[in-house]
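Dropping the structures in below, format is structure tokens.
Across the two complexes that follow, chain A remains constant while its partner is chain B and subsequently chain C.
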Partner chain A sequence: MVNLTIDDKQVTAPKNSTIYDAAKINGIKIPILCHDKKLKPFGACRMCLVEVEQMRGRQVPACTTPITEGMIIRTSTPDIIKARKMVLELLLLNHPIDCPVCDKGGDCDLQNLTYEYKVNANRFSDEKFHHEIDYSNPLIERDMNRCVLCGKCARICDEIVSFGALTFISRGIETKIGCEFEGSLNCEFCGSCVSVCPVGSLLARPFKFKARFWALTNQKSVCGYCGTGCNLTLGVKDNKVLTTVYDENQGFHNGQLCCRGRFGYQFINSDKRLNTPLVRKNGSLTEATWDEALELVAARLKGAGSSAAALATPRLTNEELVLFKRLMETAGSANYDHSAGYAHAALTEGFAKSFGAAASPATILDIQKSDLLLVIKTDSYETHPVIGFEINMAVKNKGVKLNILSDKRGKLSKLPDAQTLVHTPGSEIAVINALAKTILDDKLAAGTAAAIPGYADLEKALAGFTPEAVAGQSGLAASAIKRLANDYAKAEKALILFPIGNAYPGHNADLASAVANLALLTGKLGTEGSGVLCMAEKNNSQGAVDMGFYATSGLNAGQIMDGCASGAIKTLFVAGENPVVSYPNRAAISAALDKVEFLVVSDLFMTETAAMADVVLPACSFAEKEGTFTSVDRRVQHIKPAIRNIGQSRTDFEIFGQLIAKLGGQAPATPATVFGEIAASAPGYAGMSYASLGETGAFAPVAVTAAFVVPKTVAVEPAAGKLALVTGSALYHNGTLSQFGEGPMHVCPEGYLELSRTDAAKLQIKENDLLNVASAIGSTKLKARITPRMPEGVLFSPYHFGAAAINQVWSGAPVTWVTVTK
Partner chain B sequence: MNPITPIINGLRITLEHLFKKPVTLQYPTERPKVAQRFRGLHALNVSHDKAKCVACYLCPTVCPAKCITVEAGEDANHDKYAARYEIDMLRCIFCGYCVEACPVDAVRMTGEFELANYHRSDFVYDKERLLEKK
Partner chain C sequence: MSEAVAQQAEEQEPEVDLSIADKVIDKYIDLPGNLMPVLQGVQDAYGYVPRKVADYVAERLNVYPSQIYGVLTFYAQFHLKPRGRFIIRVCVGTACHVSGAPRIVETFFDKLHIGHAETTPDLRYTFEKVACLGACGMAPLAMVNDDTFGKMTVQKVDEIIAEYNQRPMK
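Showing the complex of A and B:
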């Protein structure tokens, strides 16, 4: 710590602080326009000028000057105030005074400072700018006439998002922020630039003219899309969520969000939300009362035993999942599952055996503290963009080495010094085994490894996985595998990341075991910056696993679907899942749901699955309920309602509670009571309560009991003349819910088929051509998207879209062999 | 004091008024002359054939009676305008803060004071009714 004096106050601040940071942590406010705590100091705006006793005769910018022992700083002498006023006058010289129509009004740093420093006249005069305003995209409006050239947007886009869409163009008075070749913005649309803009130059179009900032009620919440667990502030007016509000002090990510988190909130107040319960009468769904609908469901569930089954979306809160499980147990059934029954297997089977706990022994915070990251699939950026930002920052700011093992290249491959090993689709487990084999052969294993149970079996099982043998089937060079194994084993701290989800059937228990073996062999576990992070798909996927909402003694999701088809399952309760779109093999799923005698669906929207139901119950979104979500690194976070229930909708907590009561069980009164039970029973949750979670949440610790498990490998046999289709997640979407978010749908409105330039040339396909994609189980039509990142012979398609129907082609295999015709 | 004096003073005032112009107006046949700064019914000023209001929301923000409802819209030139502008005259306390707050001189108060009506809904003046009559 360094001792210094600021405004006659003795203060201390950590070494490496700037004057601005030192003042801030000691509660002294220095005005500034160009600073954000996530970004590197820049010194563009000159508002933070201060006087330092030891640097007499000049004013120094607080944001770029490091502190030294004994510094005497004055932040508001008459000279400094005069200088700051002049800075404001010069900024206002070209800044249009259109505050009444500017959406930033009320939240504008320049407006606030002008008011604070009473700059109500200008000694200078000049013409205002006449830059053309960019209205060309539906999410971000760019009005460079209002720009004060603080550079925050360009810096956040480069330093954190690592996209580099914006930069300074021209010199001198003509300087402006622009895109390449002065074109329009065409980027990831994460909106980071909008969030940090101190003036109204960059505005969120979905919120344009909707309300003034001071009319919004801010409610802190947790994002309802992916499993990262980003914190959100919802801006609410008249029971409507109108926007997400940026707060640089929120969450591990300091308010940083992705496209769907920032711009995908519209599903909450969508016109398409279900308002009343619906009951099928004479073949069509008609409006009914809650009593009528719940009576029907209760009558079917009462004593149903194993003929009843349940599927839940891992978007429900922990409390709701516990209650749903209890409802099924009251009905006498153990058939409940989520995420197609396989998407959570990496945790519930893989890690459960390898680590003795169905959770990742690492946190997101380890990413920036590591020395080497091994990312399995470049899709990790698309599935969890904010974790992707952490990787960007780790690589760019902390010099962390990035190694990627993937079946295609991606954005992460473009990071400085990123090593991407592109293997043939479906061979990742073999490659990881080859890494383990190299570590064993080169005597790189940690001394502790031999003592872990299963070591001898693993050694024996890996005999066939020499880098040379795997090189043939994976398309990698043996030397590359050896190099990666050496780098991983020799790094002091190393972290492995891989995504799981409905679209990644190959990321199963075996992959998890293979990855766990690597970490256990080298002892890269249990210390800061090391471990394995399994990135579960939905906002509460980890919670669903922790609550035990998966098949243990009953049928799993796949078997439930088979049971529906065979007639063994007579009543199916689907809460929030949309199996018709998100489970593989649509024809089989549709047939099964058609066959099942009684289908109950509780959902926000009339999804493809809800349309087939006998009873549809309108449920609530995350913004209307109280409960807890558990993120991928087991951070348990408490959410509170931001708005009242829409229409007659009820939370799943209420629905399950009322059904339990109707079945003669005891329904708990509030989510807090259920969370008390969770804290008493769920591993790692002990001692938690809503009060102790607070705003930041708490980590549920993971106790590791290590064991080596031999992963099964299934060699993918290439089919002659066919292309390998792999499914996955698009950057702008998560599950099927984001189809109801306007932001994501503006940027990525439909499914597509990504293919390499070579294949496109071979098949004479042009961008946006409508292609017929056919596999052994069916066919669908998708638009072509030709990208340089795809290797020859490999196709990629996102799975989120009901209309694109990729699951008519995809049967749930990690690799689907297809033919593509125009 | 002599008990008679106040009575005489009273009568004197009455007598004086007999020779002055009467204060009472024979409303509605006689109409009052409304002062220029009288705060009556609001009007939305018009310029270039459209309302000057830019929907900045300052009037509903400042309104102590919360009687103004504004909803902004985006026109073909991407400019902001008041898609909805309503004043609930039953709630209005005619304080004139809205006029004071307006940054673009879009709202003023007229001399119109006859606001009686038969239905509650008729007291909610929408944008069309508030636009200044030329």
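Showing the complex of A and C:
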């Protein structure tokens, strides 16, 4: 700690602080425009000038000047105030005073400072800028006339997002912020630049002219898309969520959000939301009362036994999932599952066997504390963009080494010194085994490894996985495999990350075991910065696993679908899932749902699945609920309703509770009661209560009982003359819900097929050509996207879309062999 | 992109041979801080920095395209449009100004039908006013590429243009 005097006050601050930081932690406010706590000091705006006695009273910028022992600083002498006033006068010289129509009004740093420093006249005069306003995209408006050149947008896009869409163009008075060749913004649309803009230069277009900033009620919540568990502040007015509000002090991510988190909220108040229960009469869904609809469902469930089954989306709260499970148990059925049945296997089978717990023994906070990251699939960025930002920051700011094992290159491959090993699709488990084999052969295993059960079996099973043997099938050089194994084993702290989800059938129990073996062999577990992080797809995927909402004694999702097709399942209750789009093999799923006698769907929207139902129940979004979500790293977070229920919709908690009561069971009164039960029974949740979770949530610890498990490897046989299609997530989407978020749909409105330049040239395909993609089970039409990241012979397509859906050709295999024609 | 816009873009940006850029990039690829020498190299090779080349440099050096554009617009030495075979520079510094440089400039404008920092459609000439060429004793001064013409007169403008019209384009 360093001792110094600020404004005649004796204070202390940590070494390496700047004057600005030291003042801030001691409660002294220094005005500034170009500073953000997440970004490196820049010193652009000159508003933070202070006087330092040791520098003979010279005015220095507080944000870039490091503190020294005994420094005597004055932050608001008459000279300083005069200087700041002049800075404001100079900024206002070119800044248009169009505050009445500027959406930033009331939340504008420049406006607030102008008011605070009483700059009511300007001694100078000059022309305003005449830059053209960029309205070219529907999400971010760029008005460079208002810009004060603080550079925060360009810096955040580089330092955290690592996209680099914006930069300083030209110099001197002509300097402005813009994209290459003065083009329009064509980026990830995460809106980070909008969030840090101190003026109205960068604005969220969906919020334009919706409400004045001060008319909004800010409601804290947790994002309802992916499993990262980002905290959100929803801007609410008249029971409508109108925007997301940036709060730099919120969550581990300091308010940083991705495209869907920031711009995908519109589904909450969408016109397409279901308002009343619907019951199928004479073949068509007609409006009904809640009583009528619930009576019908209760009658079907009562005594249904194993002829009833349930599928839930892991977007439901923990409390709802517990209640749904109880409803099925009351009906006498153990057939319940989520995420297509296979998408949680990495946790529920893989980690459950290898670690003795169906959860990841690492947290998101470990990423920046590690020395080496091994990321399985570059898609980790697309599936969990805010975890991607953590990786960006770890690599760029902390010098963490990044190794990627993937079937294609991606955003993460572009990070400084990132090593990407691009293997043939479907060979990742073999490669990971080869890494383990190298660790054993090169005597890199930790001393503790041999004592872990299953060591001998693993050693024997890995015999055939020498790097040389795997090199052939994986398309990697044996030396590259050896190098990676050595780097991983020799790093003091190393963390492995991999995504799971409906679109990643290859990321299964075996992959999880293979990865766990690496960590166990080298002892990279249980310490800060080390471990394995399995990134589950939806906001409460980990919670669904923790609540035990998956098949243990009953049928899993796949078997439930088979049961529907065979007639064994007569009543199917689907809460929030949309299997027609999100499960593989659309034709088979549609046929099964067609066959099932009675289909109940509770959802926010009339999805493809709901359209087939006999009873449709309008459910509530996360913004209308109370409950808890558990993120990928088992951070349990409490959400409260931000708005009242839309229309007649009810929360799934109410729906399941009322059905339990109708079946003669005892329904808990509030989510809090259920959370009390969870805290008493779910492993790791002991001692938690809504009060103890607070605003930041609490981690449910993971107790590891290690065991080596031999992963099965299935060799992918190339099909002659065909291309390998791998499915996955698009950056702007998550599951099928984001189809109802306007932001994501503006940027990425439809499915596409990514292919390499070589394949495109061979097949004479041009960008945006409509392609016919055909596999053994069917065909679909997708637009071509030619990208340098795809290796020859490999195709990629995201799975989120109802129209021209990829599950018409994808049967659920990790690699689908397809032909592509124009 | 509509067809008309696409066509316009095509016209503005003729096909460029990226293998020339490859040679320059290969030379500097392992050098830390290689962006400036690469951009200078491609400008030398192409006469300017075409957009396609800038994008290609971004891809090969793993630098944001925006950052490259930032550098290209920061330094006056980089040109984003094709430049003429002959760069005519007329000094308008103090000494040249008082000895009649404005009239020399006007005459060039009239004869070549282009303005400051513009290029003739046949890509033969680019005209630039410059602040000082450092040879005030020869004012008013003009330069064509590396050839210097001192004590310029309006008549000499005709002679210079006549002479360089005869020179080969390659």
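The criterion applied here is as follows: the second predicted complex is superposed on the first by the 821 of 822 C-alpha atoms of A that agree within 3 Å, B and C clash if a C-alpha of one lies under 4 Å from a C-alpha of the other, contacts with A are read in each partner's own complex, and residues count from 1 in each chain.
To be clear about the criterion, a residue touches a chain if its C-beta (ideal position, glycine included) is under 8 Å from a C-beta of that chain, and two chains touch if they have at least 3 such contacts.
Only a predicted model underlies this, so the values are computations on that prediction, with no experimental measurement involved.
In the overlay built on the shared chain, the residue A:494 is in contact with neither chain B nor chain C. Look at A:133: by the touch rule set out above, it reaches chain B but stays clear of chain C. In the superposition on chain A, contact is made by A:165 with chain C only, not with chain B. In the superposition on chain A, A:101 contacts chain B only, with no contact to chain C. When both complexes are overlaid on chain A, the residue A:589 reaches neither chain B nor chain C.
Of the two partner chains placed by the overlay, neither chain B nor chain C lies in contact with A:564.
Shared-chain residue A:212: touches chain B; no touch with chain C. Shared interface residues of chain A (contacting chain B in one complex, chain C in the other): none.
Residues 99-101, 105, 133, 135, 141, 208-212, 214-215 of chain A touch chain B in their complex. Contacts from chain B toward chain A in the complex involve residues 54-58, 61, 72-74, 78-80, 103-104.
Remark: chain A residues 154, 158, 163-171, 178-181, 414, 788 touch chain C in the complex.
Residues of chain C touching chain A in their complex: 51, 54-55, 58-59, 62, 64-70, 73-74, 80.
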